[in-house]
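Shared chain: chain A. Partners: chain B in the first complex, chain C in the second.
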Partner chain A sequence: MSRDARRLSLILLFAPFALWILLLIALPHLGILALSMREKVAPRVYEFGFGNYAEFITEPIYWNTLLRTGSMSLLVTFLALIIGFPIAYYIAKIAGKRARGALFLMCLIPLWVSDLIRAFGWILLLRESGVISRSLQWMGLTQSGIEFLYNDAAVIVGLVYTVILFMIVPLVSTLDGMGDDMIEAGYNLGGNSLTVLRRIIVPYAMPGIVAGCIVVFMMTAGSYLTPILLGGKNSSWFTEQIYNQFISRFNWEGGAAFGVLLLLFTSGVVWIGLRLSGQSLANTVARS
Partner chain B sequence: MKSHALAAAVALTATGLATAGSAETLRLLTWGSYAPDALIEKFEEMYPDIEVEVTYSNNEEMIAKLRATGGAGFDLAQPSHDRIYAPQIEYEIYKPLDLTKINTGAMSKVHLDAVLENTTIDGEVYAVPHQWGTSGLMANTSLAPDVSGWGDLCDSQYAGKTSMRLRRTILLGTAFAMGEDPFAAYADLDAYQDLLDRVADELIECKANIKAYWQGGDDLSAMMLSGEIVASETWDSTAYKLYNENPDIVFIPPETGALTWIDTFVIPAKGQADDAAYKWINFVLDPENIKIMSASTGAIAAVPGGTELLPEDKRAAVSAAFSDEDIENLKFFANIPPGVEDMEGKTLEKIKAATGG
Partner chain C sequence: MTDQTTAAFDLDCEGVTKNFGTFRAVDGVSFSIPTGTFFSILGPSGCGKTTLMRMIAGFEEPSAGDIRIKGKSVLSVPPNKRNVKMVFQHLALFPMMDVHDNIAYGLRCAGVPKAEIGARVADVLERVALPDLARRQIHQLSGGQKQRIAIARCMALNPDVLLLDEPLGALDLKLREAMKIELKLLQHQFDTTFVYITHDQSEALVMSDYVAVMNAGRFEQIGRPEELYHAPATAFVAGFVGDSNRWSGTARGTEGETVHIETETGLALGGSPRGTAPIAAGTAVEVFVRPEFITVTRATEPAPEAANHHDGTIDSVLFNGANSRVLVRPPAGGLIEADVTLTGGTSDLRAGDAVRLSWDAAQTMVFAA
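And then the complex of A and B:
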C-alpha cells in the first residue's frame, strides 16, 4: 500500500511536467512541422511536399532577413555580455551583502512593466520630438531636431535593454561561487588585472557566460515587438515575416516552414557556440 | 480512482453546459470601438437573457482566428466586405445569412448592394453592411498645402516628412496613381503580378522620401501632431480625430478616389447564437444606437443619411474633407480573389527589404 502510494505521488509529481512537455512543447512543434510540409495546390486542397522550404531557399529576401536577424542578435548578445559582465561582477564580488539585494532589485525593475511599455518608453526618448532630441536643441548643440528612432541602432539599444537581465542573473550566480582567494592567488603569482581577468575570472565564469549568451540570443532572435516598434523602414526582422505569412498572407504553411527554419537556425548557432567555447548544455543552462 | 476522476470531470462539463444553455451568450468578434459599453448595456437591458462578450481584433486576425477553429468560438464577426468571398471559398468559415431576419430596409442601398454583390456565393448571402469609411491621405495644410494624390507622398519637397502604412492599401493607391486599375487586373493574376512589380519599383524609389512606415493609429497620430511628418496615408477616422486637435490637419481624398471599405456583419460557420446575432444587427440599425456607435467608431453608418448621424465634430471633419464630387469618386475595395493576398504580401516584403534610403 505505502509502495503504491509512493508510486502514485511520484506519478502525480511528474505528471504536470510530462503534460507540459507533451501538450505545450512537443505536440505544437510536431503540428508546426506537419503544417510546414503541406503545399497548397488549390483552395482547400493540399499536398505533401517541401515547396515551402524551397520557397525560402530560392527567395533571397527571406534568407537575407534570417541572416540579418541572426547577425544582429549576435551583436546584441555580445553587447549584453560586455555591459552585463562588469555589472554582474560588481554585484557578485564587490558590493556588500545588503547592497546586493538592492542592486539586483534595480536590475529587475524594468521587467515589472511589459515589453510594450518599455518600447514606448524608448520611443518617447528617441523620437525627433522626443526627450533627447529636445534636450540637445535646448543646449544649443543642434538647430533642428534629430531623429534617433526608426533605425537599426535604436533596435539594438532597445533589445539590449530588454534582455540584459537574462545575462546578468546567470553571471552573478556563477561568479558568486568563485572564492576571492583565487583572485588573490592570481595577483600573488605576479599577474596584472588583465591577466587575472583573462586567465582566472573569465574561464571560471564560462558556464555562466555561455548560459547567458544562449538565453539572450534565443530571446533576441525570437523577439517581435521591439524590432517592429523601434525599427525603421529597412529594418526587417524574421519574426515579422513569420507574422506576415500567418496573418497578412493567410499562408500558414509558409509561416510554419519559417518557424521551423528559425528554430533550426538558432539551435545551429547555439550548437556552434557550445562547440567553440567547449561547454555543454548540461553545465551551462541546466546548471544555472 | 481513475473512474471517479472521470465522473467528476463529466459532471463538471455537464454543469458547465447547463449554465451556458440557460442564459445565452453573444460572442462578438469586432474592431476596437465597434462595441461601446453604452450600447452593450442598453442591449442587455433590452434582452436580459443575452450576455454580450466582445473580442477586439482586425481583418486579418479575425480571419486567422476563425480559420484556426473552422468558424467556432464566435457568434458574430465584422470583417470588411472584401474579406469574405475568398476566406469563405478557402476555409469555409462563415454561415449563410437569413436576410428575412435582418432589417435590410434600414440600410443604404448603395452599401447593401455593394456588399451583397461581393459576398453572395452560390446564391447564398454571407454579409450585410454595418459601417463604412475610407483610406486616403492626410496633410497638415499649413506645411504641405499641395497634397492631392497618392504620388505626392513621394514628392521630394516633403523628403523625410511623409509616412505610409506598408500594407495592401498603399499598393492599390499607388497603382491608381500610376493610372492603372488594380481591381480590374484581379481578373488576370499574371497581369496583376506585373502591375505589382511596377508598383514595388515605384514604392522602393519612394522609400528615401518616407520617414517611417506607421503601424497603427497611435504612432501615426503622434508623428502627425508633433509635426515630424506633414503628409501621410491614413484611415479617415484617424484624420478626423486629429482635425479636432489641429484644424490644419485634414483628410484628403486622393484625386484618383478614396479607397472605400465597408465593415460588415457575418455569422461564423459554427456560431451558436444566431438569433442573438440577428438581434444585435437589428439593434445597432436603430438611429439612436447608430449615434452612439458612430460617436465611438468615427465611421459612418451604412444607412441613408448616415453622415447626419455622426457627432457634430466628426461631421465638420467629414464636410471639410469631402465634396460631392469626392463622394461620387469613391472606389470600393473589390473582392480579393484567392491567392492575391499572398502575391501582395510578397511584394510588401520586397519593398520592406529593399535598401532604398
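And then the complex of A and C:
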C-alpha cells in the first residue's frame, strides 16, 4: 500500500518533467530532424535524402554565415568573460556582505526589461539621430551625425550586454566557494598577483568559467533579436538564415536542416571547449 | 645592538600594536624567539593572536611597532617576499592541483630550475614520511596527510619561521593527539622556528619550548610550559593554563610567607602570594588550587600534614582512567575538585563518602584581584 503510494507520488512528481522533455524538447527536435531529411522532388512530393544539407555545403553564403556567427559568438563569449570576471570577483571576494546583494540586484535589473526593449534602448543611443551622435555634434567634435548602428561592433556590444549576466552568475557562485586563505596562501608561498591569478584563482574558477562560457555561447549563437535590430539587414546571423528559409522562402525542409546544423555546430564548439579546458558538463553547467 | 645578538633570534617583535578603528586588537606586544624553537601563542578566541600572526605573515600592517626576521625589519616587505611561511587553519591546500604541484607551486614562484623542483619535492615528501603521495589529488588524502602536506609545502621553501594557525582544530581527538607529537618531531627534524597559535592549552604545553599566554591583545606571560603551570604570573594565566579550583575572597592577614584568606563561600585558606601586586589585609584576591595537589583521605583515616584541611562529602565521582576526579562538597557550600586514583577495587571512593581534603599553602596561589 505505502509502496504503491510512494510509486504513485514518484510518477506524479516525475510526470511534468518527463512531459516537458518529451513534448517540448525531444519531439520538436525529432520533427525538425525528420523534416530536414525530406527532399522536395515535385510540388507536394517528397523523398528521403540529404539534399537540404548538400545545398548548405555547396552554397558558400550559408556556411560562411554559420562560421561568421560562430566566430562572432566566440568573440562575444570572450568579451563577456573578460568584462564579467572582474565584476564577479569584486562581488564575490571584495564587496562587503550588504554591498554584495545590492550589486547582484543591479546585475539583475536589466532582465526585468524584455530583450526587445533593451535592443531599442541601444538603438536610441546609437542611431544617427541618437544620443551619442547628437552629443558629439553638440560638443562640436563632428559636423554631421554619425551612424553607430548596423555594423558588427554594435551587434557585439548589444550581445555582450544581453548575455553578460549569465557569465557573472556562475562565476560569482564558484568564486564565492573559494576561501580567502587560498589566495593568501598563494601570496604566502611567494606568488605575485599575476601568479596568484593565473595559477590559483583562474584554475579554481575554471568550472564557473566554462559553465558561463557554454551558456553565453549557446545564447549568443542562437540569438535573433539583437543581431537583427542592431545589425540590420547586413548582420548575416545564422538564425536570420533559418528565419528566412522558414518564413520568407517557405522552405521548411531547408530551414530544418539549418536548425540541425546550428545545433550540431554549437554542440561541437562546446565539446571542443570542454576538451581543451579539461572540464566536463557534470562539473560545470550541471553543478551551477 | 650588534648583528650577532640580533641574528640569534629568528623573529623579533617590538611594541607591535594593531588598531581596527577604535578597537585595539593587539596592544604593544614584544617578544624574541631564539633560532630553532617551538614557540606557542596561547589565548582564548578573540584575544588577538590571529591578528598578530597575520601581521608577522604580512597580511595586516601593524599600527605601531616593528617586526624583525633574522634581525631585519620586514615592515616594508610584501607578504610574498617574506621568508615566513604559514600553515592556515583550514590548510588552504590548492584543490585543483595534486600533491606534487601544491609543493612545487612555491618552488616555481621562487624561480627554482625545473630540473631541481622534482628532487626537492621528493626530498620534502620523504621528510614528512609520505614519499608515495606525489601524484595524489588533495581530496584523496586523509586529515593527517593533508596536515603534513601543508607543512611540507611550506618547508620545501626553507623558511626562517613557520607560522601555524590552529591547524589541529579541525581534526578529531585521536588524530589531534597523534599530530601533537608528530608536529614536535617535525620541528626537531627541520630545525626551524615554529610559531604555533592555539586556544588549546594542552597543545601548547605538550609541544612548545616556550609559550606566550595572550589575553585581550597583550602578552600576560612568556615562559616554559612548566613555568606557566607552576608559577603563573597573573590570575589569568593561572586560570587559563591547566585546571584549577578557583575562589574569590578577601585577604585577612599575612603571617610570614603565608597569607590567610576567607573566600566568598566562607572557606578559610592559607596560601602563598603570587603576582606583582602586593597583598595586605583587606585586599580582594583570586585563589587557585590545582586538583592534583589536593590529597583526598577518608574521614576515618589520618590525613597528611598540610596547611589546609577541609572536610566534606563526595558529591560525584568523575571516572576518566588515570585522570579520575572527585567533586567534594564542603559544609560551607560550593564544590572542590580533587584528583584521585581509582583502581576499580572495593576500596574506591564513592559518592556520599565522608572525606578530608588536604593541601599545602605553597600550592594555594593567591593573586590580588
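The rule we apply is simple: the second predicted complex is superposed on the first by the 286 of 288 C-alpha atoms of A that agree within 3 Å, B and C clash if a C-alpha of one lies under 4 Å from a C-alpha of the other, contacts with A are read in each partner's own complex, and residues count from 1 in each chain.
Note that a residue touches a chain if its C-beta (ideal position, glycine included) is under 8 Å from a C-beta of that chain, and two chains touch if they have at least 3 such contacts.
Because the structure is a prediction, the values reported are computed rather than measured.
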| item | value |
| --- | --- |
| Chain C versus chain B on the shared chain A, clash or fit after superposition | fit |
| Residues of chain A touched, compared between chain B and chain C (which is higher) | B |
| Which of chain B and chain C A:64 touches, first, second, both or neither | first |
| Which of chain B and chain C A:114 touches, first, second, both or neither | neither |
| Which of chain B and chain C A:9 touches, first, second, both or neither | neither |
| Chain B versus chain C as contact partner of A:241, first or second or both or neither | first |
| Superposition-derived minimum Cα distance between chain C and chain B (Å) | 46 |
| Overlap of chain C and chain B interfaces on chain A (superposed complexes) | none |
| In the complex with chain A, residue positions of chain C that touch it | 57, 59, 78-81, 84-86, 88-90, 92, 94-97, 105-106, 109-110, 153-154, 157 |
| Chain B residues touching chain A - in the complex, by the definition given at the top | 60-61, 63-64, 67, 87, 89-92, 167, 207, 210-213, 215, 219, 222, 226-228, 338, 341-342, 344-346, 348-350, 352-357 |
| Chain A - residues contacting chain C, complex | 179, 181-182, 184-192, 195, 199-200, 203-204, 206 |
| Chain B contact footprint on chain A (complex, rising order) | 43-44, 61, 64-65, 123, 127-129, 145, 147, 149-150, 228-229, 232-234, 236, 241, 244-252 |
